[in-house]
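Input: structures, listed below.
Both of the next two complexes hold chain A, though its partner changes from chain B to chain C.
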Partner chain A sequence: MYPDFLYIAPLVFVGFGGILLMLLSPFKQITIRMAAFIALFFMLCATGLYFYNISELYSYYPYAQTFGSMIVADNYSAYFSTILLAGAIFTILIGVHYFEKNRGFTTEFFSLFLFSLFGMMLLVHATELITVLIALEIASLSLYVMIGFQKHLDKRMEASFRYLVLGSISGAFFLLGTAFIYANTQTTKISQIGIFIQNNPQSDVMLLIMGVCFIFITFLFKIAAFPLQNWAIDVYDGAPYPVTAFMAGTFKAAIFGFILRFVLVDLELIIDFWDNILYVVILLTLLYGSFLAIIQQSLKRMLAASSIVHTGYLLIAFISIDITGKSAASSIIFYLVAYFLSSMGAFGLLSYISSDDKVRITYEDFRGFAHIRPYMAAMMSVFMLSLAGIPSTIGFIGKFYIFVAAIESGYTLLAVFGILATFVSIYYYFRLIAIMYFYPSAKMQDVPTLHGMAPYFIGIISLIIIWGGIGNTLITYFPGVDFLMDMARLAYDSLQVK
Partner chain B sequence: MIGLAHYLVLSGILFSIGLFGVMKRKNLLMLFFSTEILLNAVNIGFVAVGRFYGDMSGQIFAFFIIAVAASEVAVGLGLIVLWYKRTGSIDLDSLQMMKG
Partner chain C sequence: MNSLIVFIILIPLLSASVLGLSYMYSIKIQKVPRVFFTAIAVSAPLASLLLGVFFFFKMQGETKVFYYRAYKWLSIDGRDIDMAFMLDALSLFMVLFITFVGWLIHIYASGYMRDDDGYGKFFFYFNLFLASMLLLILADGPLIMFIGWEGVGLCSYLLISFYFEDEGNLKAGNKAFIANRVGDFGFIVGMSILFFYAGTYGFDYVHLAQEIPKVPTDILSYAGIALFVGAMGKSAQIPLFVWLPDAMAGPTPVSALIHAATMVTAGVYMVARFHFLYDLVPHVGLYIAYVGAVSSLFAALIACWQKDIKKILAYSTMSQLGYMFIAVGLGAYSSGLFHVFTHAFFKALLFMGAGAIIIALHHEQDIFKMGGMRHKAPMLFFVMLIATLAICGIPPFAGFFSKDEILLQAFAKQEYLLWLFGVLTAVLTAYYMFRLFFIVFYGSHVNTERVLHPLHKSITYPLIVLAVGSIFVGFLGLPQVLGGDNLIGQWLHDFAQVKPLHVGHTTEFMLMGLNVLAACVGIFIAYKKFFTCDLSIEHTMRGWAADKFYVDELYEKIFIQPYKILSQFIGNVLDLKIIDAVVMNSSLGFIKVGRFVSRMQSANTNFYALMMIGGLSVLCTYFLIVLE
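Entry: the complex of A and B
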């Protein structure tokens, strides 16, 4: 056994880093670059701590007396926190250039960034609904401010405002659901709710089911599924690129991290109630998301819309959970990794280009991009291929597992719909590749030299994506997809440890 | 005799009022009032349930929710001030909706 502190040390590191940066921010000597490196230092320390017992199955309540068993440290939370930390680290590494070039960013931004990361990590560690709410609010409140940080731009403010208003309503729904659950079961701890369900007949849990419905509404809102997806495109479009990347890749993973724990621990009974609703939600999410993605002219909006489609894929695996729990849950976890890598790469590349080059927004602006910047165009193509799920990228493997899980659980129709949505997605992803490669550049102006480290990190992400697609067949012993998948299964198992 | 059900119904009514306000109000300040009503409606529910079961945690939750609501409003009011300085209006319609 390790000392309790080691289990919560990553959380403490990230939270402490946020407070330290806040205290340092009045000093003019601290440049944005220095603040970014301080933030990176704390995040890397936290990531390192998650590797101390990586291959061992554990589930432990650190400081059970003090925290009242409201926080758990298990393989599951470690896996998700590592995803979140990796996402945050890449966001900072790629975004430093953007933050330096654009007006309005100060060192406080990084403090908020760490607070938001702290909230997300707490979200995947939490086993109690009020703790979940507080974690969710820490993460969201910091995000609202981060979105509106460049306050001289109307667009940012508007996006921030919208997200704030809608987010607080969804938070209220979450609370209402929690109140119902509390009224019914006299507890808000997830594991005890499960025990209550097992010990009581169906007729006694009606209020509980209502409560769970409200919590699901919040969940569907936060991941931008069908009836509640309208905010996503505007907010993603209005936010600065690095923040968009952070929201799309990382925040979504954190939300799924919570809801999977909530459902998997023992609410499988309640999923039955949701099956039919979720079925329709998935179909409409895929359909409407694809439609929205097709009609966009701006690349950022297209990526935002396509994130709705990806939510649809994730929900396909989510609905399969009650039948093939293990493979469906681990496929969700794996897909989150794949999607976060691809979207982080795509948004990161766009952010780098838009901070350094002339502003490129729409598809047309990328006309002949490959002739000006061959390497960047190649990387962009890798991200597009991975998002579309073409074999030899990690995106393909992620989709493969999801559809396998769906077919195994008997949701063949949903899998077919998912595959059709993938076909459609090839249209809007490949359109960019075609425009970059097969059209002459409108004007071959002088090419500004590359600088900063962002291109290298974007390159690393694209290599990881390709490695994820083909790696394991080449060198067996180097960690690749199988390693990620094994870890995801282990994370699932750790939820079952009583 | 006023029992748990009465409190829960009150909480439900307040929640509906808040929800209605969020949907109908055009004034941004009123919008935030409405979200406050939403959260406080839930608070009543928590405190009532906590009292009913003789469980203190329900009342502690209410404190946490008050803190969450306060921080939400702090961010919201900051944004409203900024928006008012820029546009001279706190009307919802002054946020010109970004077009898809």
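Entry: the complex of A and C
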């Protein structure tokens, strides 16, 4: 056993980093780059702490006397926190250039960034509904401000307020749901809710089911599933690119981190109540997202719309959980990694390009881009291929696992729908590749010059994506997809540790 | 220690990577001196050769077979396929002569290609080829072998179209690649059959050999034939031989290394490697032997009417490969491999000598425009004489012993037709080789004041080494009747499970005499016709054989034209009119629906909130109904 502090140290590091940056913010000597490096330092420390007992199965309540059992440290939370930290680190690394080039970013932004990350990490550690709400609100509130941080841009403010209003409504639903659950079970602790369900007949858990409904609404809202998806495009479009990337990849992972724990620990017995509802939700999410993505002209809006489709894919695995728990859960976790990498790369590259010239927004602006910037075009193609799920990228493996889980659980029709949605997605993803490579350039003069480290990290992401797709067949000693998958299975197992 | 096996492959592979990268560096950033490329390129085969020699001495001890398993490569249905390597008598035998001859050809190429801009690239391909070939040989199972198999195919393609500015070379490269792909298809089919029926306990040769007796014979026949189709492609046998003559478009060292000494022998090696399979299906073996015999005669006939020095040699390669297949088809693996071995020496020598002549005559390839080389290049005269005598099977040169052994096997197995084919081919071989020889070295030359291009030492020295080899390597397989020990046969005894020959010593001597006689007949005819050949008159070749029996034209009509028509139909009708129309119309439909959907995206926050609450209401209502 390690000392209790070690288990919560990553959280403390990130939280402390946020506070430190806040205290440093009055000093004008702190440049954006310095602030970014301070944030990076704390995040890297926190990441390192998750690796000390990576391969060992554990589940431990640190400071059980003080916190009750409100937060837990197990493989599951460690895995998710590592994903979150990786997402945050990449966001900062790729975004620094953007933050420097664009007006309005200050040290406080990085402070808020760390707070938001802290909230997300707490979310995946939390085992108690009120703690979950607090974590969710820490993460969301910081995000609201981050979205509207460039106060001089109306678009940002509009997105920020819209997200604030709708997010508050969903937060209220969550609280209401928690109240229902408490009224029914007299507890808000996740494991005890599960015990209550086990020990009581179904007729006694009606209120609980309604409460879970409300919580699910919040969940569907945060991951932008139908019918709660409308905000996604406007907010993603209105937010600065790095923040969009952070929301699309990382925040979604955190939400899934919580809801998977909630479902797997508590609701396994009654989860099939939601199957029909989820079925419809998935179909509509896939359809809506695909239709929306196909008509977008702006790349950012297209990526936002397609993130709705990816939510649909994730939900396909989510619905399969009640039958093939382990493989479905680990396929969700894996897909989250795959999606976070691909979208991070795509948004990151767009942010890099657009921070230098503000004209490249729509598909048409990328005419002949490959002739001007062959490497960037190649990287962008890798991200598009991975998002579309073409073999030899990690996106393919992610989709593969999801559809396998769905078919194993008997949701063959959903898998078919998912694959059809993938067909459609090829249209809007490959359109960019085609435009970059096969059309003559319209405006040759707007060439972003390569400088800063962002392109290299974007390049690293694209290499990881390809490595994830083919790596294990080439060199087995080096951790690749199998390693990620094994870790995901271990994370699942740690949820079952009593 | 066993891991050293991998280094036999890894060293050329590594040096190929270094060469490739430095070549890219050289053309993009800063020029890399040629000596750097030469040093790396030439040392790689030498290092592999030394490793081979090392294992040769290890093999004198207790262990006869070395295994090394690097890592698990694939897992299919719980059956693991390892990236594993095996070095036994057969593979070591191949490794030794391939690296040795390959090394000499590398040295030769360093002189031959010295003025070429793509010097680094050439050696990158060359080393990559060597690595693939060694992987093919050292693989411990069919699948790993297939990686090497494809690798040599790829390198062959790259090297044939090395001078890619010329469209003809590109076409030749494509032809080689496509013909090989047809063969590969057969190989894959054969491999799949084996995997399905005999791969239960592992897909390596050892396990396959254990499992294979349980497989029904007819299945084995299919597998054997399918695998042999692969060999037809690689080793240029009827009907997949069409690429080999065209492959002469590549630089001459390529022809020497790939299309004479090594790659084309992959098919023979493969059949020998699968001897556990072919031993069980002798009728397939007989079929192989006949394909070999017919190919052999067919190629020899065409060769008699060719004018291009490299094409003549190319057809002679095909013809000699036919001999090898007669041997392996009859189960006399060691005899076939013996011929592979001697052939590597004299054929590499022939090609390199021809290359030297071509260089000396400023890239002239038509033999009727050469002539009179005897006095101008006496060194080339001698090495070419040795090589020509070796290929014709005149004792004591290398080719005699190996060819004699093959014909003896055919005779002893009472396959007299095969034997007859062999003897006829021997006559023709002697004829067309000496035709070449007499015209090039004795013909009254057209252009007396032509100045020869000087030959670099790196070109001449390997020729001498190979010439010595062509004289003496035959003695390694000296048959018992002549007082030898047949060292090659002993070394490969596992692969020579031939029943004792029911042939008396007298017959054996008579056959030998007959072979020599056959060669002499060929030489005599060539002497009569070409010794005093006047090259100032125009020599045109006409007739079926000169036009290669119209095989290319036949394939064009039977396969290529219908294929083109079909693909035009698919491209213009099926794809454009049907599939494209459906896809385009449906995508337009999608976009229309998308426009409609996007109206819900009104950017009106109140409406969004309404949708949220509406969604929640639907959900709750549903549950209220369900939970009742």
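Going forward, the second predicted complex is superposed on the first by the 493 of 498 C-alpha atoms of A that agree within 3 Å, B and C clash if a C-alpha of one lies under 4 Å from a C-alpha of the other, contacts with A are read in each partner's own complex, and residues count from 1 in each chain.
Following the convention adopted for this analysis, a contact is a pair of C-beta atoms (placed from the backbone, for glycine too) under 8 Å apart; a residue touches a chain by one contact, two chains touch by 3 or more.
Small disclaimer: the values here were computed from a predicted structure and weren't measured.
Applying the stated contact rule after C-alpha superposition, one finds that A:400 touches neither chain B nor chain C. By the touch criterion defined above, A:155 lies against chain B but remains apart from chain C after alignment on the C-alpha atoms of chain A. In the superposition on chain A, A:227 makes contact with chain C only, not with chain B. Using the contact criterion defined above for the overlaid structures, shared-chain residue A:483 touches neither chain B nor chain C, since it reaches no partner. In the superposition on chain A, A:277 contacts chain C only, with no contact to chain B. When both complexes are overlaid on chain A, the residue A:172 reaches chain B alone and has no touch with chain C. Of the two partner chains placed by the overlay, only chain C lies in contact with A:424; chain B stays clear of it.
In the overlay built on the shared chain, the residue A:60 is in contact with neither chain B nor chain C. When the two structures are aligned on the shared chain, A:292 is found in touch with chain B and with chain C.
Under the contact criterion defined above, the residues of chain A that touch both chain B in one complex and chain C in the other are 161-162, 165, 169, 233-234, 292, 295. Residue ranges on chain A touching chain C, taken from their complex, read 161-162, 165-166, 169-170, 173, 206, 209-210, 213-214, 216-217, 220-221, 226-228, 230-231, 233-234, 273, 276-277, 288, 290-295, 424, 427, 473, 476-477.
Chain B makes touch with chain A in their complex at residues 4, 8, 11, 15, 18-19, 22, 28, 31, 35, 38-39, 41-42, 45-46, 49-50, 53, 55, 57-58, 61, 64-65, 68, 71-72, 75-76, 79, 82-83, 86, 95-98, 100.
If you check the complex, the residues on chain A that touch chain B are 130, 133-134, 137, 141, 144-145, 148, 151, 154-155, 157-162, 164-165, 168-169, 171-172, 175-176, 178-179, 182-183, 186, 188, 233-234, 237-238, 292, 295-296, 301.
By the touch criterion given at the top, residues 71-74, 587, 590-591, 593-598, 600-601, 603, 605, 607-609, 611-616, 619-620, 622-623, 626-627 of chain C touch chain A in their complex.
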